[in-house]
Each structure stands twice: as structure tokens, then as C-alpha cells.
Amino acid sequence: MELLKQMCNIFAPAGDEGKMKSFILDYVNTHKKEWKAEPKIIEGDGFQDCIILVFGKPTTAIFAHMDSIAFTVKYDRELVKVGGPRIKHNYPLWGEDSQGPIECEMSVPEGSKKAYYKFDREIDRGTQLVFKSDFRTSDDFVQSCYLDNRLGCYNALKVAETLENGIICFSCYEETGGGSVGYLGKYIYETYGVRQALISDITWITDGVKHGKGVAISMRDRGIPRRSYLNKIIALAKESNIPFQLEVEDAGGSDGNQLQASPYPFDWCFIGAAEDNVHTPDEKVHKNDIQAMTDLYKYLMEKL
Amino acid sequence: MELLKQMCNIFAPAGDEGKMKSFILDYVNTHKKEWKAEPKIIEGDGFQDCIILVFGKPTTAIFAHMDSIAFTVKYDRELVKVGGPRIKHNYPLWGEDSQGPIECEMSVPEGSKKAYYKFDREIDRGTQLVFKSDFRTSDDFVQSCYLDNRLGCYNALKVAETLENGIICFSCYEETGGGSVGYLGKYIYETYGVRQALISDITWITDGVKHGKGVAISMRDRGIPRRSYLNKIIALAKESNIPFQLEVEDAGGSDGNQLQASPYPFDWCFIGAAEDNVHTPDEKVHKNDIQAMTDLYKYLMEKL
Amino acid sequence: MELLKQMCNIFAPAGDEGKMKSFILDYVNTHKKEWKAEPKIIEGDGFQDCIILVFGKPTTAIFAHMDSIAFTVKYDRELVKVGGPRIKHNYPLWGEDSQGPIECEMSVPEGSKKAYYKFDREIDRGTQLVFKSDFRTSDDFVQSCYLDNRLGCYNALKVAETLENGIICFSCYEETGGGSVGYLGKYIYETYGVRQALISDITWITDGVKHGKGVAISMRDRGIPRRSYLNKIIALAKESNIPFQLEVEDAGGSDGNQLQASPYPFDWCFIGAAEDNVHTPDEKVHKNDIQAMTDLYKYLMEKL
């Protein structure tokens, strides 16, 4: 879990994913020689802060978004949301501006729906602040801010260890409506003919999806994957004997919706462990669900 | 109307259009020899469950979506919407799950905005249920669920009988925000240079659009077509002497919005008969408006 | 300001930008010989009513939308909005229908959220009406409807005078959610490899952005530009000594959002003077902010 802990501590609000990109690139370059297959690494001009790893002869791509929810400093100490973080008095925040590093707390006046920062000086307008990670593990659980979606990235890197044929896309901007999946999809479809995707992201504990019952395969959220692709995945999941749960929601979205909206004929399915305390500093996931997530991805990337 | 009746009975909720695709392909292959021109049929890999028919040297494309609104079985017998169906106690539903065919009814507790199913066993999580078609005709009207948009598909197949130059695209996912029109538009623009579209879909009876007064040409809904293209269509419609009505709405959308959002320079216009009891099992359209719809499409596909 | 005054008087609601296109094309053809570099003009088939000007070897593109908010005549004298114009009793409107030119006023019954027109005859269904321009200048201010975004177009034409390398895109449909930026972006990215954009548009006077304090560089609105690009722009703006203000909002959008949503890896930043009385006939901008806007664009187009 050391890798996950490190990633939860990296500053990478949506739109400013450079540090996560560097971390992942370093990690890949350090470890790829130990992996079953060495990937081709595609990044740089024309890919903004995204990374594509291509293993062997790919037929399916994993998408894991690197960005997190955050807050932007507006005027008069007000904070506005980047994506959909929860607000609560005293949530710990950090960042950096022209005057140096910042560690501060959120202030939410009683009855207010607005958030402010408490700090001993004014913070530069437009500065991004993220939750401070308090990474906790127990026998069963891991807990921190930003398991959504550092855990999705962690999962992709674990799958990479044994992946022989497949693509991993580390994407940006997911928390704010997307903007990178279009060109990532375009590239892998046009270059490799790949049009099957798995969305490596974290979902919600609900009445139908519980801690420790296995990775969630989302049958739908706001977006609805093509049923024939979904059925193929569920059949493989059953065959694998890896624990999984079926999710049915009518809200929420992911990089899957961005693929759906792109002018390329992608099939996609969201598969991920579920967390509670969504979009807070206390996101919590069962360790067995993480294991099941990685196991199922390995199985599917081989069979799809 | 036998063809329309058959199509209203086909199970094809958004995301699961395979059965409509098969039906239309069979129909086209059976009847194309009787048509004025035989189309090239484009489908399969890279087109998901969509079909493109290309006749002669095309300049304009008809888009007709094959999918319907529906419901997904969530947890504890709850139903969540696929698109925007109305809910009402006792609406008849059907579908199929791992235990076999399902015919059941909707339950809406008094005062509730949630819908459930009533059935003598539990239905598999994630199962799609659609309205059961009670297809009714009178001298003037046809009535059933899913006239939106089996009637748009029916219209396209009627136009196909005499079409010499043009394209017909049968699309997917329209009821849930799209996802196929992007790649359909890309293909026909890049392959045939086609950038004019007519949206063969069903609109609403309103204060301005009445039963039996002709096919509706939509001057706008949530989306706004380019005025120069709209003017050309209205001028041709006047010249044709086919009965039509002009629609002006500020809500509602169609595959036209998806073409507008695509990175291809499509002109589009929604032209379709109007129904009342929208998105219920009792959608109702005047037969003369259906005839006017087909007549106008034939005229426009020749002149545009 | 004569040029700006002329442009505020041109009828060009979203979807019907033909007259603005003609005006700008005429202006460019008349003046391009006096400019430092003569641009290549790209328009016509495949570009709808848009215009692209290409100067030298471009690395950055300016996007200025030509369309305006407006109203469409619905049924029973009701007006529905094109984009988000404000409504108020007696606002002056103009347009044209089959019976000739129209000058009329808006009627908003007390307590109503609906708008109607007052005119001595019925106006054709679907007719577009725009605000009548009452163009006013004082020592410090310019005031009219449609400074958003005739001022953005004006700025682009002023920058054109000395531009040696760069692209200017005059776009359509911005006020109604876009539809041209996708293919404009596609063209300039595929043809020239350009993936840096500046959005020449008008923003709002707020608690953080004041009249006469310089052009606003938007650090975010509903859309969030990539931080590394934003930082580069702010650093150049500081270096330039041209007055500017930093904006941070969580609502509002622009052609930047459309570029973000396109399947091309564009960096974009909204830079524009701020107005009050947004989306009314009385939009008001400080002349110094206009000057700063043009100065900063000239500087950035050279340095980016």
C-alpha cells in the first residue's frame, strides 16, 4: 500500500496533473523492467499531461484518471469547487502560491453553503487547494482522501506488472467533465484499432453495493454501456470466480461518458471498488475489494 | 402499418439495440430488390449496433434512432429510468432475465416519484424492462408505445423504397444522450462528403403543433439548426404542397444536437410527425401526419 | 469605435451568422493590404458561416464568436430565448419576416417569467428578433447590446493589423452551446498543428473584476484551463506591463469549453474585457479595458 499512500499525497487537482504524470512516468520507468512485458510509453506534445502505455498487441484499454477534486481560491477568502468535493468546517487543505507552501483549514460558517479558508495570510487568487491526506490502514480497510482515483491508477499499475497485451491510459480532467479522453480515444482507436475500454475508477457504497463483497461492475450510472459488451464482461467475471457485485445507479459519471460522447465507437464499462465518505478526506475502501479489482482487471485484460 | 406494429413490439432499450438492428437488416435484405435503387449496407465492426444504407451518390442523410426509453431494475424492486419515460401505476412492462421471459406491471406508491415492479419473483439486477405494446389503429390514428421512434425508422424504410441518392443512418442511444451519431457523422462526412442531415423522429403535440395538420418541421428545440439550411427546407416544403407545420420549442433534443456537437460541419433539421401522450404506452399519431412525413422526406431527399 | 458600432448593429443571432460573416469578410478584404501580413482566408464549404484567417506560421489561435443572444417568435406572440438574454418590459427588438422589417418592443406581464412582443401585426412563427443597438460612448465607457461578443471580434480585427504569425477563428453558435469550434479546432490542429488558443470574449464585472482595472484573464469559470498554459500566460502578462485582472468564477462558459470537449488536445484561456449589464441592451465596458485587451492579445500572440 506504500505506492497508494504516496499517490494520495501528490498534488494533482483537475487541470494541474503534472506532478502525477511525473510520478507515474518515474514509477513506470523504474519498474517496467521487472514487468512481464515492457510497454511503449506515449506522452508529451499532443497529449498534454496524459500518459499512454501500450503493451504487445492491444485489444482493450484501461482508463484511469489522475486528477482529483479540489478548491480554487476566489475573492475574499472564498473557495469554489473543482469538481464535486464535500465541504465541512475544519477540513485540512494544502497547496502552494507565490509566497510559498500553504497548510490551512476550511471554514464553513454555520448554515452556509459557501466555504472559505482560514490562514494567517491572504492566498493568491486562483490558487488550487487540495485535501491533506491522512492515510490510514486497518486489517480490512484503507482510508484517505483521493482514493478516487489514486486507487484506480494504483490498480492500473498493478495490472501492468503482468499485462502482455493491452493499453493503459492515464487521463486528466475527469472530475471537471473531461477533455482528454477524446484525444486519447482517438489515438488508440486510430493507431491500434482498440475500441474496448475498462474504466478503472472508484464508485460508491450504496444499498446495492457493500464493503468487502467484491469489485463493483457498474451496469449503468448516468451513462449506459452497450449491453452486449456488459454481458460479455459479466460472463467472464462469473467464470473467473473473483468476487464482484453488480451496480445499478442513475447518477454519476466517469471517463466512460466521455468515451461514449466521442466520435469513436468505443464500448466501455466502469469496474471499480466502492468507497464510502465519497469526495471527502475520509474515503474508505475494503482491501478485499481492491484485490478483487486488480484480479478481475488482470483476468479481463487477458480474455476480452 | 403491419411493419410499424412489428417494430413497436421489438425489445430495444437504449444500449441494447441488437434486436432492432437484426430486424431492420433482415427487412432491408428481403426488400431491397423491390426498391428503386439497392443500397450499400454498412454495419458491423466499428459501427456497434448501427446500420448505414448508402444509395447512389448521396448529398443528404436521414438519421432515425432505433432505441427506446425503458427502465432498469435497481435494488429492492425499484426501477430507474433509461431516458425519460413517464411512470404510472399499472403500466405493463416486459423483458427477460436469466430465469426467463418477464411480463409484469409497474407499481407507483401514491405520492411517490419512484417506480417499482410487481412480479411473482425477483428480477435480476440490471435487467431492462420496456413498455408492452398495445398497438391500436382507428380511421385517423395509430397508437402504441414507442412510436417514438419506430415511426421514424418506419418512415426511413418507406423513403428507402424510392430513394435514388441519399444515406439512411439507423442510430443508437438517442434517448440517453447519444453516442453513435458522432462516428456515423464522421463516417459519412469523411467517406461521402455528406454534411446535410434530416432527423427522422417524433415530436410533441403542443399549442402550435396539432394532429392532422401535417408533418412538423422543427425550427428549433433546445438545439437550433442553421437558419440558411432551415430556410431552404421550408422553401422546398412550401413548393411541395405537402402539409406541414412549423414548430418552435425551447426544450427537447434529438440526434440533431449530437450532430451539432460533433467535430463535423453538419447542417441538420428535425422533421417528424407529432404525437401526444409522449413517452407513455399510449403515444398517438395522426395517420395523415405520417403520410405527410414520408411524402416530405421523399421530396426533400430528391431536392436538397 | 466606428467599426465596433457598425458590428453592434448587425443582425446575427446564434444559427444565423451570415451577415456578420459577410461584414467581416468584406472588412478583411478591404483592409488586409494595410496589415503587416496578409492572411490566408479559409471559409465556405465545410466551414458553415465561420471564417479562419491564417497569418504566417501560426502557433496560437484566437477564437471570437460572431453570434449573439436573441429571441425566437413562438406561438401566441410568445418569445423564447436563444442563449441567455435578460428579459424586461419595453426592451427594443428588431428583425425581419416575410412581410418585411420589424421594429417592436418586448412585453413582460407583471410577475411573469415569460416574454412577448408588442407589434401592430403578427410576426411569422420562428422569426428571430435581436436587441436594437443604442450605441453610446463617453470619455471612459462604451455601451450597447452585443458588446458580447462584437467586442471580441473587434479585438481580433485590431490584433490582425499587426499579426505576423497566428490564426483567427470567427466562430458560430457560442451562445447556444457551440457546434463550430469542434471542426474549426480539427482543421487548425490537423492542418497547422496549432493547439494553443485564446478566447476573445467578454466577461462579467464582479466582486473581483472591476471596470478600468485591465483586461481579465480568466483562471477558470465552469471550464478550467490547464494550469501550465495559464501560468505561462500570466507570466507573460506580468512581463508585458499591460494592466490585467485575474478572474475566478465557477459559472459561465465559452468557446474554451467547446475546445476542451473536442477530441483535440487544445490548451485554451479566456481573456477579455469585463462588462456589466450582461446580456441586456445596456452592456457596458471601460475603454481602457478594451485597449488593454488588444495590447495583451498582440503581446501574447507574439510570445506564446
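Per-chain residue numbering starts at 1, and chain names A, B and C are given in the order in which the chains are listed.
Keep in mind that, in the parts below, contacts are C-beta pairs under 8 Å (C-beta built on N, C-alpha and C of every residue); 3 or more make two chains touch, one makes a residue touch a chain.
Every value quoted in this text rests on a predicted model; they were computed, and no experiment measured them.
A.B. asks: Could you classify the connectivity of these chains, where an edge means two chains touch, as line, ring, star, complete or other?
C.D. replies: complete
A.B. asks: Would you kindly state whether over half or under half of the residue numbers at the chain A/chain B interface are used by both copies, giving same or different?
C.D. replies: On the two sides of the chain B and chain A interface, the residue numbers are mostly different, under half being shared.
A.B. asks: Using only Cα atoms, superpose chain A on chain C and state the rotation angle in degrees, rounded to the nearest 5.
C.D. replies: That rotation is 120 degrees, given to the nearest 5.
A.B. asks: Could you put a whole-Å number on the gap between the CA centroids of chain A and chain B?
C.D. replies: Distance between chain centres: 36 Å.
A.B. asks: Two or more other chains in contact with one residue: find those residues in chain B.
C.D. replies: 261-264
A.B. asks: Give the list of chain A residues in touch with chain B in this complex.
C.D. replies: 195, 206-208, 219-220, 223-228, 246, 248-250, 260-265, 267
A.B. asks: Show me the residue ranges of chain A that touch chain C in the complex, using the header's touch definition.
C.D. replies: Contacts found on chain A: 14-16, 18, 46-49, 72-76, 80-82, 125-126, 128, 172-173, 176-180, 182-183, 185-186, 261-264.
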